[in-house]
Every structure is written in structure tokens, then in C-alpha cells.
Amino acid sequence: MSTTSKRRRALVATGAIATTITLALAGCGARAGDDTSGGGPTAAASCVDTSGSTVKLGFLNSLTGGMAISEKTVSNVLHMAADEINAGGGILGKKIEYVQEDGATDWPTFAEKTEKLLTQDCVAAIFGGWTSSSRKAVKPVVEKLNGLFFYPVQYEGLESSPNIYYTGATTNQQIIPAMDFLASKGVKKLFLAGSDYVFPRTANAIIKLYAAKLGIQIVGEEYVPLDKDDWTSQVAKIVAAKPDFVFNTINGSSNVGFIKAYYDAGLTPAKTPIISVSIAEEEAPAMGHEVTGNYASWNYFQSLKTPTNSKFIQSWKAYPNSSGVTSDPMEAAYISLYLYKSLVEAAGSFDVDAVNAAAKKNTITFDAPEGKVTLDGKNHHISKPGHIGRINADNQFDIVWASDAFIKPDPYLEGYDWFPADIRKQLVGAAG
Amino acid sequence: MTKPKPWLSLSGIGVFAVLLLAVAPLVLTDHWLNNLGKYCCWAIAAVGIGLAWGRGGMLVMGQGVFFALGAYSMAMHLTLETAGDRVPGFMVLYDPLAPLPAFWEPFRSTAFTLLAIVLLPVVLAGVLGYALFKRGVKGAYFAILSQALAVALATLISSTIRETGGDTGLSDFKYFFGFVLNDPANKVMVYLIAAALLVMCLLAVWQLYRSRFGELLVATRDAEERVRFLGYDPANVKLVAFVFSALMASIGGAMFVPIVGIITPAEIGAAASILMIAGVAFGGRASLFGPALGAMAVGWGQSSLGSTWPESWTYILGLLFIVVILFLPNGLSSLPARFARTRRSAAQQPAPAIATAELEGVRS
Amino acid sequence: MDVLIPQLLNGSAQGALLLLAALGLSLTFGQMGVINMAHGEFLMIGAFTAYLVQRVIDSSDVSIPVALPVAFVVAGLFGLLLEVAIIRWMYRRPLDTLLCTVGVSLILQQAALQIFPSQGVPVEKPHWLDGQLNSFGYNWPLRQLFTILLAAFCVATLAAWLKYTSFGRRIRATVHNRDLAETSGISTRTVDRITFFVGSGLAGVAGVAASLIGGTNSQMGTQYIIAAFLVVAAGGIGQLKGTIIAAWAVGVALSCFAYWTTGSLAQVLAFILVIVFLQLRPQGLFTVRTRSLA
Amino acid sequence: MTDASLVVTNLRVEFSGFVAVSGVSFDAHPGEVRFLIGPNGAGKTTCIDAITGLVRATGSARLGEKELLGQQVHRIVRLGVGRTFQTASVFEELTVLQNLDIAAGRHRTPASLLRARRGTDASIEQALEETGLTGELATPAGILSHGQKQWLEIAMLLVQDAKVLLLDEPVAGMSHDERAATGDLVQRIAAKRIVLVVEHDMDFMRRFATRVTVLHQGKVLSQGTVAEVQADPQVQEVYLGTADAIAVGTPNRTEV
């Protein structure tokens, strides 16, 4: 074959593809201008089928990769809750048939699996997620497809979505009670230590605002990547800054390194205690005796004395693959499934819009292990009690402080005058 | 190694193009079409890895870096398009009054964004490759350095939350160059662009492989010093392949963003960079279709096998690495040739052992 | 100075841990050209061994000293298994061993995640490592001193073994010139296996030390592997002296950057520093000049 | 072609303190087959390595007016200096034609590099004929016989248009007939080029050498025609001491 004809054929192929692209561009869908037709959620007709004797629900947790460390137990608790509900007759008389998906500690995978659960498996709702990143990956998908997502972990707040229910604490239910506790202890100098990602950064931004109001001086702020265990250099800075208390927003196994380095540097709970928001009953044992005497702020502790809690602990201990201890995120996951049950039964339907309408009435409650929680129909968060626990020698928590009443969720901190209104306005605006 | 029938490959690309561009949109559901689009993005990056590693012998374990350049360029543009005149939401909290970081500003422009997707990886790979290859950094050193670079970049992005969105990444894009992303028709369009780009990348490497440069690249891979004694500077040869592969990774990254709707540092770090290689090794590093098909197969495995048996999937992936590399160093695409060889050698006398030739070649 | 000296010690301790992790890599890389990406998981195996030993011997005062040799043997055996099952089939294909062992590392991580509590397990520090040594006007955390001493002990033992035993001489001969060693009647197969055993065993020892510093869980190996490889590369292949200096330098750099910048930036800067260094000296700190073309 | 000669003066190479070559001087001119011989470790290959830029050296090696020492390997090649290696090093996975095409290609423009090869250059066909490899055009170089690989290497030097051919033990491991054929080939190509051969094989040297330089322990021991060198008592002494090395002529890469 001659030179020219060879080259021409390659050109033709390229040209054909270029044409395809142009045609694809020209022939397709809505543009930014005609927002009214295609801009909002294009709520494709839901494929959820509840005509049979079962209802399909999706569980989305990282069972592999780095976050499997934390998310595996949440997945197990969800299975337990589903089994319990099924044993009690199911939701609206329909047994739960769950589809477990692996988020694989990969946020695009969370997005992909959400779409799969909603469009291929046709689940009525999805439960799971842990990191804020995973939630932010899921959010646009559930909003686009008008699905439901129940998120069980305390987070940095400043978010709400008609398609997400948050059963973990927002900032005013965990961070702010912790700050109130510190103020009551007469803390004057506070050091902030966190993992380098969105929750600690945001939490600390809020802490700094509130500390200014409380008259607490922030004497240092340090971050280390999530996957790094070595905290010795940062602890040296804590030693130098001489704070009264350390506010710890470190997540994951990095906590172990932090606590060990802290202990090695001669810092003790007697002189400079730590208050943590990510160390719970599950994490504490991995830190051994070196964490004893420090504090944690949660809504739920295994040591809480409520009738539902003892039942919850018993069921969990008896459950296969159980870790033996219960923790706040586990309890929040447990709540999420029951809350969904209450919502559906109040709505009398699995339909997303009907469920959301039922939530709007603000009457949905659940007698949770942490106490009777109420769903806020407007922001989709639940009321929670604030608790501070102190870690004892058994790596369990002795409750040393409790909020006066259940704290109403306030993700945008609208009830707090120290939170600048212009930030709130921009955040709400940016969230659309 | 050399393609006796280049036109067979070209018609292969043609069939592939028809399957991707015409058949797939007709037969697949929206969900699977979108997934296929995602695999196409990985496949684009994989084609580049095949070029650099399979043909050039450079084990690029940090293609995440270039994937990130394209992805973040695109994501910044889409974020700004979505935010309009406002500062993107995630930036507000840390400093509500501060303006947009200066390096974001040019990404408002469509032209600049497209240019950045092409030029950033070319420039970075050019500088990096020049520095490393001219100094004779190769083999395992190169692999580890490139991986370290990917880890460093992922860490850097994770820690610059206000500037890059940090660990949470950039997501929630509403528009793609003026098109509403939620519109299913537009999703199909985005898919078609990614698929077409994949076909174009295949055409590009097809031409590269059959060109004199392709032969020179293989020669450089097998005996770098020997090439030097023919008067070429092997660094330049490798540099060209490396730059091409970086460019492809960047294009893959750029298309990943509108298709998947999120980009985070996790997509560029060590694990993600290694996963890209898994597909290439599986399919056949030095073949034309191997890398692309391998990447798509691994992507599909993650979506479907990973769903059915999440824990086993990790084991499968691990075993895939071991078994394929141990027994099939040239991937699945070398199977037909293997069968042919065994059949021929069964019929006639044993074929000359390639292994001995390879052994001799190692030191020369 | 009040800040610099503690950071130097801290950096030295970090460097010591890196050195322990890098020693084995340096051995196997130098001798066989094998890049073992599962090396970090051998470290993890060492840490889990420390935990298991602690389950048997309750007192951490005793269990850690016991765990050190046990971890050496256990991780070493895993290394031996890897060598026998996989690596030996692919000498002469260094980049392929690299990828193959990536697969091994994935499998080992997932297995650890499923065998042990997913949140990780506690390894209690012996009481004799509690607290600090107060001298020269500074407080030296005992645990850091312990890591440094442990690394020094391992290096000294390794160096003596390489230098004074006939086996060590065989290893050095093989590192220097494999073909010549083979023709001189050295069974390089046996040498390779022993080297792999020792190299992996050292990772196990590093794992015990790491378990006293950070968490013991399925992910722990990943944070050491890249840094350890950079140390090996910067030190020069098969160069004990170079590896020691490089490990120390990277440790101090990490520690000082972490103190004066941020924890995240420290990692970025340290990595970039090594990359730039390797650009300037592609063969690392120390090299043997050879004439071979390869 | 060219009348420029290769002139090496006072060449010195050191490996971490060990002096491999010291004060070696010799020259080679077009039209002659220059041999460089000596026992193991004499520094023969090191001389070639130094001239081609593979090892760092002091002194001088000039091709015509141009100094070679201190230049990068590929630049030296571009000045017209080509070499072969003790172990034949061709691109095993590529065919004979592809090997030669690459060797002939350094003058090509980047644009032509990106196009596929069409037809065979005249210089390649000529080199194939010269080396008797025409029939092996499409054979992968990896499965050529040892002798054929050496010839392919020489053919590569021919198409590369090298003015200076440095051949490092071209007949090691060859059969008797192959040696003779190689010798004839070397003599033919030396007509217009500078050819420098490093050899152990004394018979081969005697048959084909024009002039010989004997190296011993990094220094020039003797220089002259074959007869002159053989008559040199110093040479006899050295070679009697290491008779094995001459007789067997084993290639040894690790010699220094």
C-alpha cells in the first residue's frame, strides 16, 4: 500500500472520531441556560419495588482498604439491626433484604456504588459512609437520583440535604459541649491537634471562634496526615506551648501514635489532659494504658445506663463477628435503621417524598440506647444528649459530664451568635 | 514483538471504536454506561502506561500525578462553573473574606483549562523526565521515585484544604462546559467523548508502535547503553515516551471528573497508581490493546466482583498481580501467541527458547 | 538549641526505625536486585507477633524482649516463604518482582484485617521504657533511646555477621559479583534464601519497635515502605554505611520539617528532598564504581 | 571517506584508586587493521571504554582534530566512533532489519522517526550483503547464532557510517570458519576506515593484523608489526607467564 493512502486512512479514522465528538456535543441535552428543564434533580422514576414481602436496603461501608478498620463494625451493626427488625416483623410488614456494598475506602467508588444501589438494585434507602469525603461523594448522587442516605458518624456540620439523614452528632452536639465542659473546668490555654483533613480543620475553625467567646486562648494548632502515626515532633510543640488541655480531632490509627508520643513526652492526664472526639470504646483498647485518664466527647457511651442500651449491648455481644464493645458511631448506625423504620411507618410508604413529608412533622422519635432522640424534619439531624467520658483502666468511659437536656441539632450554628452570619450565609449560598 | 500485520491492529481499533461508540450506548443501562466511561478514563491512562512501561521499560508507578493534573484542572474549572461568581463553598469557612486563590483564577477560562490539561503534564513530565533520565535514573529507582512523587502530591493536596478541597476533594459539579451534567443525554455525550479519546489514544500509540520511534523505544528498553553507542541519546527517547504517557494520564484524569463527579487525593496516591498498573500488567504491557482492555477488566472486576465478594476481591487482585506477572509476564494478550507456539512446537521441533535470549540480553 | 537538640534526637529515633525497616530492603535489593513491596507487611507481621507474644507472656516488661527474636524469626520465615514460592522464579526481572510483591502486600493486608480486630491491637510498652532520662539538661524519652539502641545493635550484629562469618563473606561476594561468586563455588541460591530470611527478619524487628510508637493494624506497613525505599536508594545499593546515613538524614529531616512546618508538608518536603538528592547523585551516597555495562 | 587518524596519547584510567590504564599511547589509520592485545587485565577493553566515553579518562584521544575524551557517549558516536562488545549486544526482540534501521537512523528528523519504516535503505542492503546476513533480514536478532550476532554488530557499525570501528573480541566463541570469514570482513571494511581490534586469539591476530600494540598491566609493552612484536623478548616473557590466557582466550567481562 502506498504512503499517501496509508496516511489518509489514519486521517479518516481521526476525522470520524472528531465528527462523533462534535455530533455528541451538538446533539445533546440541556445547557446551563435552560436550567428550568434540566437543572434540578431530574428525579428519574424510582425503580424501588415494594410490592412483594420484602424491602431492599443498601449498606455501603468500606470493607477493604484503610477505612475498613473503622467501617467494618458499622456494617456489622447494620446487619444486626436489620436482623432485629426482621425478627420484629420488618418495616411495614416487609422484611429487610439488604445489599451490602464495599466502598473500598475510595470515594468515587462510594459514588458509583450509590448509583448502583439506587438504579440497579433499586434499594429504598442506603445506610453507611464514615468519612466526610465518602458522604460528599454520595451526596450529589442521592440528590440527583432522589434517593435516601443515612449517615451515622459525627461530622463537621455546615451541611444539610433533603436526601441525607444524619444520625451522628453535628458540631453543636459534640464540639460545643466539649468546649462548654472545658470552660467549666476553667481551661484557659488550649492546644488543637488533628488529622489533616476536612473534619478536624472545620471543627478547629469552629473551636477557635467559640474559644474566643469563652475567653480560652488557643496556644497551638497542629495537623498530621491521616495515614501517619508519628506524632513526636508535634508533641514537642505541645510541650513547648504548655496548654491546660489538648483538643484532639485526630482520626484513625494515628491516634495511637499520638497518645504514645504524648505519654513518652511526659505529658499526663493529671497535668495536661486530652479531650478527644474520635476515640471511642473501639479505639481506646488499641492504645493500652497510656490513654487512661483522658476524656472524650460523645453522645453515646457503652457505660450509659438506659434500658435500651443494656439490650443493645447484650444483642451486640451475642452477635457473630462482634467486637464485644459498643461505640457512638455504632449506636448512630443502629439508630439510623430504626429511624428509617419509624419514618416509613409514619409515612405509610417507602416513597422518598412521602418519607421526607413525614419527617417534616417533627414527630419522629426513637428510643435509642443514648435516650429518646427526635428527628428534626428541617435539617434531617436528630437531637442528642452531650456526654463527656473519662477513660478508665478497662478502656471504658466513666461519664463525668452531661448536657442539661438533649441538644437540638443545629448544623449551621444558627443559634450561636459568635458564629459569623456572613460565613453562614456564604456557606448556605454555596451549598445552593 | 513487531506487528507483522499492522492493518489487523487498525481494524481491531475500528471494531473497538464501533463497540464503544455505537453499540455500548445502545445496549448498556445508564449506570453501566457511566461505569464504562470511568473504565475508559483508566484505560486512557493505561494506554500511556503501556507505552512507557511495556515499550519503554519505565515502570511508571506514579501516573496518579499526571492523572491528578488533568483531573484537578478539569475539576477546578467545573467547580468555578458551578459556583458562578461565588467563591466555592468549601473555601468559605477558613477565610470567608479571602478571594479565590490566584492559581484558580485562570481556570475560569475554558480555553485555559483545556490547554492546562494538555500542557501541564507535558511540562512536568518533560522537566521531571529530563532531570531523571539525563542522570541515568532508571529501573527500580525510577519506579520508587515516581511512586514517592505520587504520595507526596496526594499528601500535599490532602493538607491544602482551602486551596484544593483537601482529602474530600472536589465534587458536586453541575455543569460541563455549559452542559447540565444531570441530564442523561449529556451524560451519554460525556461518555462518548471519553470513549472517543480512548480510541484516539489507541490510534496514536498504534502509529507510535509501528513507527521507527516505536522500534527505537523497544531497543532502548532492551539495551539502553547499546542505543547510546548508536549515537542516540536514550534519555531523549525515553523522555518522549514518558511525556506521551503523562499526557494520556492527564486526559484520562480530566474525563474522569465529569463522568464520576468527584476527584480526591485518594485517586492519585500510591494505591490508585498501582491499580492503574494492575490492569496494564493483566492485559499485556507491551501489546496495543492489552493495557486498555486490562484496565477496563480490572475496573469491571472492581465494580462487579468487588460488589459480590468485597473481601475476596482484594485477594483476587493480589493473586492477579502474582499469577499474571509470574506466569504471564506479557499479560493475557500473550496467550494466543503462547498457544500458537505450543501447538507449533508440538508439531515440529521445540522452538528456540526465548528465555535464553533474554538472559543474554540482560547484561548487554 | 533547646528546640534543635530534642528534634535531633527525635529525628534520630525516627531515622533508627527507618533504618531497621530499610536494612532488609537494602540487603535484598543490593544482593538480588529484588524490590520487595511486601516488606512493609513483614514489618506489620513483626508488630502483630509482638502482640501475640504479649498474649502469652502477660508482662510487657518481659514480652517485648522475647518478642524481638520471635518477630525476627516469624517475619524471616514469611520472607523465606516468599522467596521460595515467588521471588526465586523471577530473578533477573527486578521490576516484575516489585509488582508481584505488591500483590503479596495486598493479600497480607487484607488477611491481617480479617484475622485481627479491625481497629488494631494494643502492644503495651515495657515499664522500663516509661518516662524519660534526664541528662545534659534535656529529657530524653526512653522509648526513643531504645529504638536507637535497637537499631545500633541490629546494624552492629549485621555488620559483624557480614564481615566475620563465612556466610557473611559469601553474601558480600554475591553482592559484589553474582556470576563470579557462582563460578567460585558459592551456592547463590542458599545465599539468596538466607539473605531474604535475615532481611525480612529485620523488618519483623522493626515492626516490634514500630508497635511501640504507633498503632498495630493492617495498614501500618504502608507508611514505612516508601520512605524506607527512598532511604535505600539515597544510601546507595547494598551500602550499609550509606543506608545508615541516609536513614538518619531522612529521619532528622522529617522530624525537623515536621517541627518547623506542618506534619503534612514535612512528608512532602522530605520526599522531594530525596528525589532532588537522587537527581544530583543518581547512584546514592556511596557507590562501587564498576565497568559493567548494565 | 576520511584521512583522519585516531591518535591516543598518554591515556590514563583509574577505578577508585586502582590504575587500570596508565600512559598508553598509540595511533590507528585508515586502511590498516590495528590490533590491541595483551593478557587478562592488561587494560585493552578499558582503552576502548575510555575512547568511547564509557569510563572517565585523562590524556587525549583525538579523531582528526576532535578531542573525544570528556564528551558524552552518544556525542562521541556522532563524531564517527563506533564499537562492538565482548558479548554480542544486539536488540534481541527486534529483527535484523530493525536493528540495522535503528543503527542507520540517527540522522533522521523527529518527524520521520514518527513514521513507519518503508523499504530498506541502500546502506542497509549494502551492509547486509557485506556481512552475509541478507537472508536473515526478518529474523529476530535474538535467535541468530553467536557469530551472526557479531556480524550484525559490525553491520550496524557500517550503516552507522562509523569512521572508527572499535571491535572488542569479535571472534571470541566463533568456529574456525567463522573466524576466517570475520577476518576477511574486517580486512575489507578496513580499506576505508580505521579499525581497531581487541583480541586474545593469537592466530587471528597473526593472520589479519597490520600493526599490533601489546598492553601489559595498563602500559604499552611493545608496538609494531606482528613480526616485530613477536620477536620482542618482553612480550615473550609476559606471554609465557600467562600462556593459558593466550591459548584459550576466554572472554572475561570482569577483568580490570
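We call the chains A, B, C and D, going by the order they appear; numbering starts again at 1 in every chain.
Keep in mind that, in the parts below, contacts are C-beta pairs under 8 Å (C-beta built on N, C-alpha and C of every residue); 3 or more make two chains touch, one makes a residue touch a chain.
Here the structure is a predicted model, which means the values were calculated and not measured.
Colleague: State the pair with the higher C-beta contact count; candidates are A-B and B-D.
Modeller: Result: the pair with more contacts is A-B.
Colleague: Measuring between mean CA coordinates, which chain is farthest from chain C?
Modeller: Result for the farthest chain: D.
Colleague: Please tell me the distance, in whole Å, between the geometric centres of chain A and chain D computed from their C-alpha atoms.
Modeller: Chain A and chain D have C-alpha centres separated by 71 Å.
Colleague: How many angstrom lie between the centres of chain B and chain D, each centre taken as the mean Cα position?
Modeller: Chain B and chain D have C-alpha centres separated by 43 Å.
Colleague: What's the distance between the Cα centroids of chain A and chain B, rounded to whole Å?
Modeller: Chain centres of chain A and chain B, defined by C-alpha means, are spaced 32 Å apart.
Colleague: Enumerate the residues of chain B that touch no fewer than two other chains.
Modeller: In chain B, residues 155, 158-159, 207, 225, 311, 314, 358, 363-364 touch at least two other chains, as defined above.
Colleague: Touching two or more other chains, which residues of chain A qualify?
Modeller: Those would be 64, 196, 223, 225.
Colleague: Which residues does chain C have that touch at least 2 chains other than itself?
Modeller: 110, 222, 262, 264, 267, 292-293
Colleague: Tell me, which parts of chain B touch chain C in their complex?
Modeller: So the residues of chain B in touch with chain C come to 59, 131-132, 135-137, 139-141, 143-145, 147-149, 151-153, 155-156, 158-159, 225, 270, 274, 277, 281, 311, 314-315, 317-322, 325-326, 329, 358-359, 362-364.
Colleague: Mind listing the chain B positions that touch chain D in their complex?
Modeller: Result: residues 1-2, 6, 207-208, 210-213, 215-216, 218-219, 222-223, 225-234, 352, 354, 357-358, 360-361, 363-364 of chain B touch chain D.
Colleague: Once bound in the complex, which stretches of chain A touch chain B?
Modeller: Within the complex, chain A touches chain B at residues 9-10, 13-14, 16-17, 20-21, 24-25, 27-33, 35, 38-42, 44, 63-65, 100-102, 104-109, 111-113, 115-116, 119-120, 131-133, 136-137, 139-141, 144, 158, 196-198, 201-202, 205, 223, 225-226, 420, 422-423, 426-427, 429-431.
Colleague: Help me check something: in the complex, which residues belonging to chain C touch chain A?
Modeller: 3, 6-7, 10, 13-14, 110, 113, 117-125, 130-132, 139, 141-144, 210, 212-220, 222-223, 254-256, 258-259, 262-264, 266-267
Colleague: Okay, in this complex, where on chain C does chain B touch?
Modeller: Against chain B, the touching part of chain C is residues 29, 33, 35, 86, 89-90, 92-96, 98-100, 102-107, 109-110, 114, 222, 226, 229-230, 233, 262, 264-265, 267-268, 271-272, 274-275, 278-280, 282, 292-294.
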